Amino acid sequence: MHKKGFQKRSIFLALYIVFALLPIYWMVNMSFKTNSEILASFSLFPQQFTWNNYRTILTDPSWYSGYINSLIYVAINTVISLAVALPAAYAFSRYSFLGDKHVFFWLLTNRMTPPAVFLLPFFQLYTTVGLMDTHLAVALAHLLFNVPLAVWILEGFMSGIHRRLQFSAFFRDDFPAAGKSRGGCGGVFLLHVQLGRVAAGAHIDQRECQADCGHHDTDCFSFWNGLGHTGRGRRVNHRAGCHRHLVCTQLHRQGLCDGPSMKGAANV
Amino acid sequence: MARIELDLAHAYKANPLQDSDYALLPLKMTFEDGGAYALLGPSGCGKTTMLNIMSGLVAPSQGSVRFDGQDVTTATPQQRNIAQVFQFPVVYDTMTVFDNLAFPLRNRKMSPAQINKRVGDIADMLELNGQLHQRAAGLAADAKQKISLGRGLVRPDVSAVLFDEPLTVIDPHLKWQLRRKLKQIHHELKLTLIYVTHDQIEALTFADQVVVMTRGRAVQVGSAADLFERPSHTFVGNFIGSPGMNFIAGSVSGGCFEAGGAALPLPAARYLPDGDIKLGIRPEYLLPVPAHSPGALAMTVQQLQDVGTHIILSAVLSGKTLKARLPVAGLQLAVGDVVWLKVLGEHTCFYKNEEILP
Amino acid sequence: MSTTTKPVNQKAWFLILPVLICVAFSAILPLMTVVNYSVQDIISPERKVFVGTEWFAAVMRDEELHGALLRQLTFSMAVLAVELPLGILLALSMPASGWKASATLVIVALSLLIPWNVVGTIWQIFGRTDIGLMGAALQGLGIDYSYTSNATHAWATVLLMDVWHWTPLVALLGYAGLRSIPDAYYQAASIDGASKFAVFRYVQLPKMRGVLMIAVLLRFMDSFMIYTEPFVLTGGGPGNSTTFLSQFLTQKAVGQFDLGPAAAFSLIYFLIILLMCFILYNWMQRVGTQQKESNHA
């Protein structure tokens, strides 16, 4: 990289960071000034530094009741969102069923609705149901936007975990290896495996296994590259980190696949 | 076309203390102008590192790289004028095949007439003529690899072409076509070609000279025949050949090789020091002979596998399994039989501390 | 959604039932209410007259609506025109790895984490000539700056606020796209002797296409539905120069209680967004599969 180009970029970055932080800095600056100082003089630093403002917002009931309200309805919303989104995300990522693509798209469109459109009906609906002025009402209203987003993100994540890894972990409890190979997603993976125990009907198709074995090198490389590693300068056997290879190896060891044995299967 | 001389080592840490700190242990190697070489070894042995050092993408932590006598250790790949073909096809998706091939030439400000001619010649050689005006993005993997290769060859003064496992993503039935094409190019253009692979068949069929590497070390450099007949290291013996060389651990004393409870007298011409030693013999040369023949040992048949063109016989000697490659016809053996296999012969090699004894 | 083969299992419908119930409660019921209102004239709670498409026709002819729509479209176009190139430039400038990368990501993404009404408040104060840094600085430069009385200044301030708030989203998406480009492409381009601009044009931009499409989709949709930030900053003024569609609708629905026309307009608004979302989503899918094919072929 030429030095000139490098400098131009870092100047631009520095300028943008100044732009990004300036309004925030100004607010922080003002938060340490008293009201009279703000109105009377104009300065980049507080002349009379004071903690009074922070004291007020943390002790004055009219301020902190706001935090408590927010915490309550956010907690309710998160719990409900995750509870309904997880099974749905699992269903979308693992199975295909009648109308699945259309339902998925319809869910996404709810994220795209202008909130203003629902202002009036929500008002009427919650009044009728008697939930007006409650935390539950706010939590339920926000489900409209959070649940589709949660399903979207979780579905993407679950699709990334190869389903035979899930099944193989069910057999051999290889959580640590699988978790490590996905770079530390072990915790969520655990949850995923629990779901795997609940969802019945996964079986290994030997032809798929053989096809996978033949192609694993390609996918391994693109998968590994997708994480930004090209294997250059790294002495780790990249196959050890590739989850597909892990799956294939385990299946071969269990004698569940009589496909062509893979190069380097013994290395792992 | 260039002659490449390497005299270097490459380590990850600033002060390497032991062998495992090195990606490439100190080595000296010369690649002659116009030769076809293969760097062969298992994953992680340092062959790609060596290739990248040669191409200029990585600078060695110590030592130098010379092209035709000139020190290019700090030169960029562009300055060294090399071409590199990567493991997966690298094409410019938004351009047509023609534009892809013309790209390096356009960057050097060649005249359009010259570019046309040059691209046409290379496209002819690679059989890409019919697709010159198609978008590169929609083609199959082997066509894309040909484009990658073409971009390297299109420059008239390219010094060497370096390949980093280029046939990995190609379907098996197209691999041999591309391999043949590479040999053809080598024959016609007489370029220095260096090919990295972990597949011994690719290496042995493509290259005149193969460099076998393991764990950062270049273990042996030689032709396919050399590597097969006289592997200088037990690793090479094991790695080359399918199945690999058999090793019998034993000892030498009083002019005899002792193993498996038997003592075989060694021929007078063969001098071997006393002490522990390993005998190496390839399955192709391990043949059944009548009982108690000179130079033969008794073993128990463990398994017979009929692979179609030949039979792989697995026999056990003192707890270790040896494999022999036998022709299909005329075999009357069953599992559990005792068979006498000739281990001492002109193709036998002896190893001490994994290195071959002359 | 992933395109690898999955087993067909209709029982999966049970797994998505909870989601459907939730979203039905928060989306379908209200929507039906809106449809209900849009075809009736509610003179009083007891007297409701069915008027068919009359409200829709009235709404389409409404001059004020045309004005708001025009302002909204101009705003969305301006937002895209500024945020996309700026975001890409930012993504290109951010370091690729190491602690500097993490630090830069955090600092750049700060503005995304701020609640939207707080963003409006920050800029409202920041732009004031008496106590705000920007207002005072502009005043000091000799510009008679006032976002409360000058429509152009108000527009500029709202635009600047949106750029400040949302460019990091484009930058982060672009950054993710850039990091997924394998080194070999840069190495090959270097070996081919490509200039930095050629590398950007032929290697980086094509590979970033997928994420940039997502950025366009998200930014266009969100800017089309923008409400809190301009409302807090300018309240829609001066006059109605910064009143965009969402605020216009809210004024009609809650301010004036013109339920019929408000409901009719809600539906039209919703349909416009759906249409654009559908077009962009399909375009994205097509680009996505093209990229997947070219990666695996």
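Order as written gives the chain letters A, B and C; numbering starts at 1 within each chain.
Criterion: contacts are C-beta pairs under 8 Å (C-beta built on N, C-alpha and C of every residue); 3 or more make two chains touch, one makes a residue touch a chain.
Remember, predicted model here, so these are calculated numbers, not experimental data.
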Innermost chain, where centres are averages of C-alpha coordinates: A
Remotest chain, chain B as reference, centres from CA atoms: C
Rounded Å distance between chain A and chain C, as computed from the means of their C-alpha atoms: 20
Centroid spacing, where centroids are CA-atom means, of chain A and chain B in whole angstrom: 44
CA centroid of chain B to CA centroid of chain C, Å: 56
Touching two or more other chains - residues of chain C: 182, 184
For chain A, residues that touch 2 or more chains besides their own: 218, 222, 225, 232
Shared interface positions of chain B, touching two or more other chains: 57, 87-88
Chain B-facing residues of chain C, complex: 182, 184-185, 187-188, 190-195, 198, 202-203, 206-207, 290, 293-294, 297
Residues of chain A that touch chain C when the two form their complex: 2, 5, 9-10, 12-13, 16-17, 19-24, 26-27, 30, 38-39, 42, 44, 80, 83-85, 87-88, 90-98, 100-101, 103-105, 107-110, 112-125, 140-141, 143-144, 147-148, 151, 155, 159, 201-202, 218, 222, 225-226, 228, 230, 232
Footprint of chain A on chain C - complex, ascending: 1-2, 6-10, 12-13, 15-16, 18-23, 25-27, 29-31, 33-34, 37, 89-90, 92-94, 104, 107-108, 110-111, 114, 122-123, 125-126, 130-134, 136, 164, 168, 179-180, 182-184, 196, 221, 224-225, 227, 245-247, 249-250, 253-254, 259, 262-263, 266-267, 269-270, 273-274, 277-278, 281, 295-296
Residues of chain B that touch chain C when the two form their complex: 55, 57, 76-78, 82-84, 86-88, 90, 92-95, 103-104, 107-108, 137-141, 144, 148, 151-152
